[in-house]
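First up is the structure itself, then whatever we jot down about it.
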Amino acid sequence: LHPTPMLDELEKGPWPSFISGFKELAERTRKPMLRGVMDQLEYSYNTKMGYWKGGLVTVDGYGAGVITRYSMIKDKFPEATEFHTMRIQPAPGLHYNTTMMRQLCDIWEKYGSGVIALHGQTGDIMLQGIEQDKVQACFDELNQAGWDLGGAGAGMRTAVSCIGQARCENACYNNLEVHLKLLKHFVGALHRPEWNYKIKFKFSGCPNDCTNSIMRSDLAVIGTWKDAIQVEPDEVKAWIAEKGIDALVNQVINLCPTKAIALKEGEMVIDSRDCVRCMHCLNAMPKALSPGKERGISLLMGGKNTLKVGVNMGSMIVPFMKMESEEDLEAFTELTEQIIDWWDDNGLDHERIGETIERVGLKQFLEGVGMDVDINMVTRPRDNPYFKAKY
Amino acid sequence: MSSPEKKWKTVESGPHSYEEALHPVVRKNYGKWKYHEIPKPGVLKHVAESGDAIYTVRAGTPRQDTVDMVRRLCDIADKYCDGYFRFTIRNNVEFLTPRQENVELMIKELEEMGFPVGGTGSCVSSVSHTQGWLHCDIPATDASGVVKSMMDSLYHEFRHMEMPNKVRLSTSCCSINCGGQADIAVVVKHTRPPRINHDNLSMICELPKAVTRCPVAAIRPTMVNGKRSLMVDEAKCICCGACFGACPSMEINHPEHSKFAIWVGGKNSNARSKPSTMSIVAHNLPNNPPRWPEVTEAVGKILSAYKEGGRPWERVGEWINRIGWKRFFEETGLTFDEDMIDSYRHARSTFNQSAHVRF
Amino acid sequence: MSSPEKKWKTVESGPHSYEEALHPVVRKNYGKWKYHEIPKPGVLKHVAESGDAIYTVRAGTPRQDTVDMVRRLCDIADKYCDGYFRFTIRNNVEFLTPRQENVELMIKELEEMGFPVGGTGSCVSSVSHTQGWLHCDIPATDASGVVKSMMDSLYHEFRHMEMPNKVRLSTSCCSINCGGQADIAVVVKHTRPPRINHDNLSMICELPKAVTRCPVAAIRPTMVNGKRSLMVDEAKCICCGACFGACPSMEINHPEHSKFAIWVGGKNSNARSKPSTMSIVAHNLPNNPPRWPEVTEAVGKILSAYKEGGRPWERVGEWINRIGWKRFFEETGLTFDEDMIDSYRHARSTFNQSAHVRF
Amino acid sequence: LHPTPMLDELEKGPWPSFISGFKELAERTRKPMLRGVMDQLEYSYNTKMGYWKGGLVTVDGYGAGVITRYSMIKDKFPEATEFHTMRIQPAPGLHYNTTMMRQLCDIWEKYGSGVIALHGQTGDIMLQGIEQDKVQACFDELNQAGWDLGGAGAGMRTAVSCIGQARCENACYNNLEVHLKLLKHFVGALHRPEWNYKIKFKFSGCPNDCTNSIMRSDLAVIGTWKDAIQVEPDEVKAWIAEKGIDALVNQVINLCPTKAIALKEGEMVIDSRDCVRCMHCLNAMPKALSPGKERGISLLMGGKNTLKVGVNMGSMIVPFMKMESEEDLEAFTELTEQIIDWWDDNGLDHERIGETIERVGLKQFLEGVGMDVDINMVTRPRDNPYFKAKY
């Protein structure tokens, strides 16, 4: 390895160091690409500029999934000439067994650099550092082991799910299964992107939204329930006995966003009709309270980050849908297809679906996709009289 | 790239299947969990309706991992968890076992290997971050380096649950912010309009694409040295960098003029308050590799104030809503300035249209 | 108008002086009041630091008064209040006296004269309203008539304090809404673009003024019968009526197509929640003189639901925020429709950008 | 009187009837104008259209204050040919003594119709119904009795104050006096309007804002305080003893917008640093709590109703200013002059100051008037990075 004094600074301190990891890998495997990339990175640290440019590499039949990187200064760092990433879709919920993971590592070490990011922000396993001429072979071997490429470009993207029903008592639907089936359904649009821009799904089991779906997915599928919160009165009493009335008032009652909880002679009384399913009281009293029994999902649309419009959170579009049977899932799949079709027809180039809805108007969007209006879609009716209705 | 020898016919399978990746106790109690507890930092206990319990040990990773590291994690999973493990949304690794006695053994072994155990409950969890100079084609900095530097100083906070509520951090290497918003986000902020590389432009860029990409219509076609090119109306330009993504000749990055901004109060969960977007609280921080001390310092100030003053369950943004932005700036020592007043599309909705006031 | 005989040199005094209009007990304790009570509907008791108390009796008026009515009010003031009285922001008259024994006497006399005593505390106070057909040059209805009709049906609510909190109503005779927003506001809503009176237009209107007045640039110059005139792009027009104020030939009013809308949740006080703008909850209500029963009915529905379901201190908008708009529409029997979704400038800020949901 | 069957319907019911009032007046005074106007009003009730058009009438030296109304159908109703309104500024706080009020009535009956609106929404006494040739004489007599015209057109408008320190324990400044002096200061701009558009002041003694200033005045002057709420501990105890802990929690603690009040062992604890001076707890416990001692005003700017922009509430521009001495008032007067000058220079025709600020930007406005930025002006710092600062 060449000297990398800047990067070496990042080996100090208690937090695990990616630089130490790279060095260990480079020293063991002696892969020149790793040395080249570290040299170029060191150079970036010195000059405060990046030196990669994109290109186009795919695997047979696919139009996306490999992020291509060519060094802009390969004369300086010929070993860093190519450093492409393969995006790989993990299992929903990011679950692994060691057999599948070891196999993945072995294939990756065989063809690529051995650097892996677990995971990319969209949810992919990112295998970072492979040369163009090894991509197809690497992919074929991965694919035989049950792995497939993730999304990139103007199409469906890789999705993310929270751990959901695998471990969490709050999960209101089987998000792992819905994720699996929906992404299989849209797999063509993922591999061969040809829309206006990207579309991302994220699946959170409940409104705690542990996948941040509202902020970073065009289609956020969030578990919820329709009936009353389930209460275990004894556990409520035990909670109050342990923590006291002050805690009940200051940490539960007073934090309910819609004042759905009142104090009544030392007890908490939830008026479920006022509840907006924010999760707080359930989070505060996990033994005592749980979601109702009539469970399903809400669909929020239009989440995306910053570019051009500022952070845009997803908006409530489908307040409630059952998500238990095959038919439920089919109905949902159809709806999302319809929505995406509408967007593909009406959107502009590089316009996310949330931007399209804002531009044409929510009413026009609903008419376009043939959905009924629901008051849950807005925080309030309009405060200006500026519309012309069809009377 | 199609190779003649290819024998394997691609299976477009999409995500990997998950059932085979679930621990048998998880599979048995799937969808039937009853409640959870956090016995200590980095450890979760989930109890099912059946009475089964599963213990989770969570540890931090650098996210930029290697096959070597991953194999070491597999070793732990094989030894204590019947060969199963998973990752969280925030790049932490989780080991699930029904055997309580394995918990302490795992903690010891993970920490010895350099993977800090923690990240649960009211702590500072790992930072979601992005590619940076290591891989992206448009970065102004190296997110992984910034994160490593920050987490070194927040090591204690990752391993203890001493915050009022969860703290989520993110770091991004350009204004696009692939890292996403968070309680505290460290994001590159461009401070100058793009310089145009006229030589390259006509060769490599689709001119109309760059023109339409600009949200404030600051880009106009022009002729330079007899070639069609573009010019930027600098009075209009808001330094968003959108054009750079469309056309690498709109050079927005600069070693000195691409800076850092710090953002706070991003919240994505629906717990209590609605999800809220984050607000800028510092900008013009230097892009200072390899350790970016100014960033770590600013984040540290915010976290100390929050730790000191937040009440149970208050996320950073909720804490600020209670104490007010005025006191936030006082207590963190940061400075509110006129550029922090929104001036973009829905600016009016951020005006204080009330007599609610703080002193 | 200047008249040759004029001898008086105008004194530009501005407001009338107020000290001479204050009761001596008020003057004495000016700025030194300690607390108040509301002993019964229509009566306030204010106690000063000095120990002095002043009693106020409040009564409703038609606002469109006459010298005869006003003189009768003067009689009361002379008889019971040492010659002092005042009006409130909402057209109620107030008689202040330090003598408690006068309270019941005044109430009796006022009610006998037809002035209902009430309007304090958690009641429905008088309606702030506007000129209408009696005087304005752009009205589509007669606010005074609508108000009289409504208040007849709310007479009990004015005289009793049975609401969760104060209820403020307003009524306006065009979309400009000189009456202002309120807990419940009844406002004319134009439903068609203006018809253009081309004959008058070129004679009486400044064309560029009308063009610039339109907020959505729907008005364009054109030629009609060889004369310069204007045309309206009806697809764009949002029926705001702004052009009509600038140019009477943009005839927005129509006996059938100028309708009523009902608005709720306007709140101007800073108590608890910030001031909030009102929301539309009904439109296309007929403009139906002389008693506008449809308006009274809709307002009545809202008030019954609020009276029934509101909690102490909840203003109408706060009540709705707690129970949700969904239940508001259910409980009032009104219908939410797609036109009630905001589509104007800051529409995005009304989207429900959360998973907070009601069933 | 001619028959007015429609209007007569408005004589029914318990609420005092303006029609009965008009009839009584018309019958007593036999003024033909009254009959004409009632006939035209009856006609409006039948045809559902209005029939007045504007014109221009003023008094010597003034450019505003009389709202001119000519009948568009004077052929039908010649008695209604002219029906002008004189706007008269009352005393701040709408206080009267019977001498001044009787005098006003007498003058008005002498020259005009005898119809009075108490009060117009902006705060004027509206003397409705006078002919052009009587306006000057009527004004002269009113002026001799201490009355002056109110505002109209593109200038300063008549102001409104709540009752304030005259009766209210919450009043944080002497709003009647400030109102009087400021309006005297701007009296020229009120009588001779020559700005882009109107400007309205309203003066509320505290954030309860009993004048609705935030929604309907360009310059809302609202009393407030800087230090801690004053607490009478015994009265708090008495309140709790009377109403109970549930009421304390559900009606006070849980309604504080910033959770500045906590429950601690049966007591309420206000953390004044978290208080935003919303007034609620003071309203709920008037004997126990009162505003702090360091009192003054906040200035909110830009309130106006609906036209073109939708309801626009005023925004906090000056979070705190003392308002006790002559110097305080002078400083405030200067500031408002400066602000109005800026607006007059930078505003467009028919653009209220709130619209101008929104159009050019708050930062630019502050720079324009030379004010420092204050975090109280906004609810939050920006959520998008889209600005170019001068570094």
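Letters are used for the chains, namely A, B, C and D, taken in the order the chains are written, and counting of residues starts over at 1 for each.
Assume contacts are C-beta pairs under 8 Å (C-beta built on N, C-alpha and C of every residue); 3 or more make two chains touch, one makes a residue touch a chain.
In this text, all values refer to a predicted model and were calculated from it rather than measured experimentally.
Asks: Comparing the two chain pairs, does A-B have more C-beta contacts than B-D, or is it the other way round?
Replies: A-B
Asks: Go ahead and note the Å separation of the Cα centroids belonging to subunit A and subunit C.
Replies: It comes to 49 Å between the two C-alpha centres.
Asks: With chain centres taken as the means of their Cα atoms, state the distance from subunit A to subunit B in Å.
Replies: 12
Asks: Among all residues of subunit A, which ones touch two or more of the remaining chains?
Replies: 207, 209, 214, 222, 250, 255, 257, 259, 277-278, 306, 309-311, 313, 383-386
Asks: Enumerate the residues of subunit C that touch no fewer than two other chains.
Replies: 175, 215, 240, 270, 274-275, 277-278, 344, 348, 353-356
Asks: Considering only which chains touch which, label the overall pattern as line, ring, star, complete or other.
Replies: Shape = complete; every chain linked to every other.
Asks: Report the residues of subunit B in contact with subunit D in the complex, numbered from low to high.
Replies: 175, 187, 189-193, 215, 234, 237-240, 261, 265, 277-281, 283-284, 321-327, 329, 336-344, 347-348, 350-359
Asks: Please output the residues of subunit D touching subunit B within their complex, sorted ascending.
Replies: Going by the criterion above, the answer is residues 207, 209, 214, 222, 224, 226-227, 257-260, 273-278, 298, 300, 302, 312-316, 319-320, 358, 361-363, 366-367, 373, 375-389, 391.
Asks: Spell out the residues on subunit C that touch subunit B in their complex, using ranges where they run on.
Replies: 270, 274-275, 346, 348-349, 353-356
Asks: Quick check: in the complex, which residue numbers of subunit A touch subunit D?
Replies: Listed in rising order, the residues of subunit A that touch subunit D are 245-246, 249-250, 253-255, 259, 262-265, 306, 309-311, 383-386.
Asks: Subunit A touches which residues of subunit B in the complex?
Replies: Subunit B reaches subunit A through residues 1-3, 6, 8, 10-18, 20-22, 26, 30-31, 33-37, 46, 54, 56, 60-71, 73-74, 77-78, 83-89, 91, 93, 96, 114-116, 128, 130, 132-142, 144-145, 148-149, 151-153, 155, 158, 175-181, 209, 212-213, 215, 240, 242, 245-246, 248, 253, 255-256, 258, 266, 268-275, 277-278, 287, 289-291, 311-313, 344-345.
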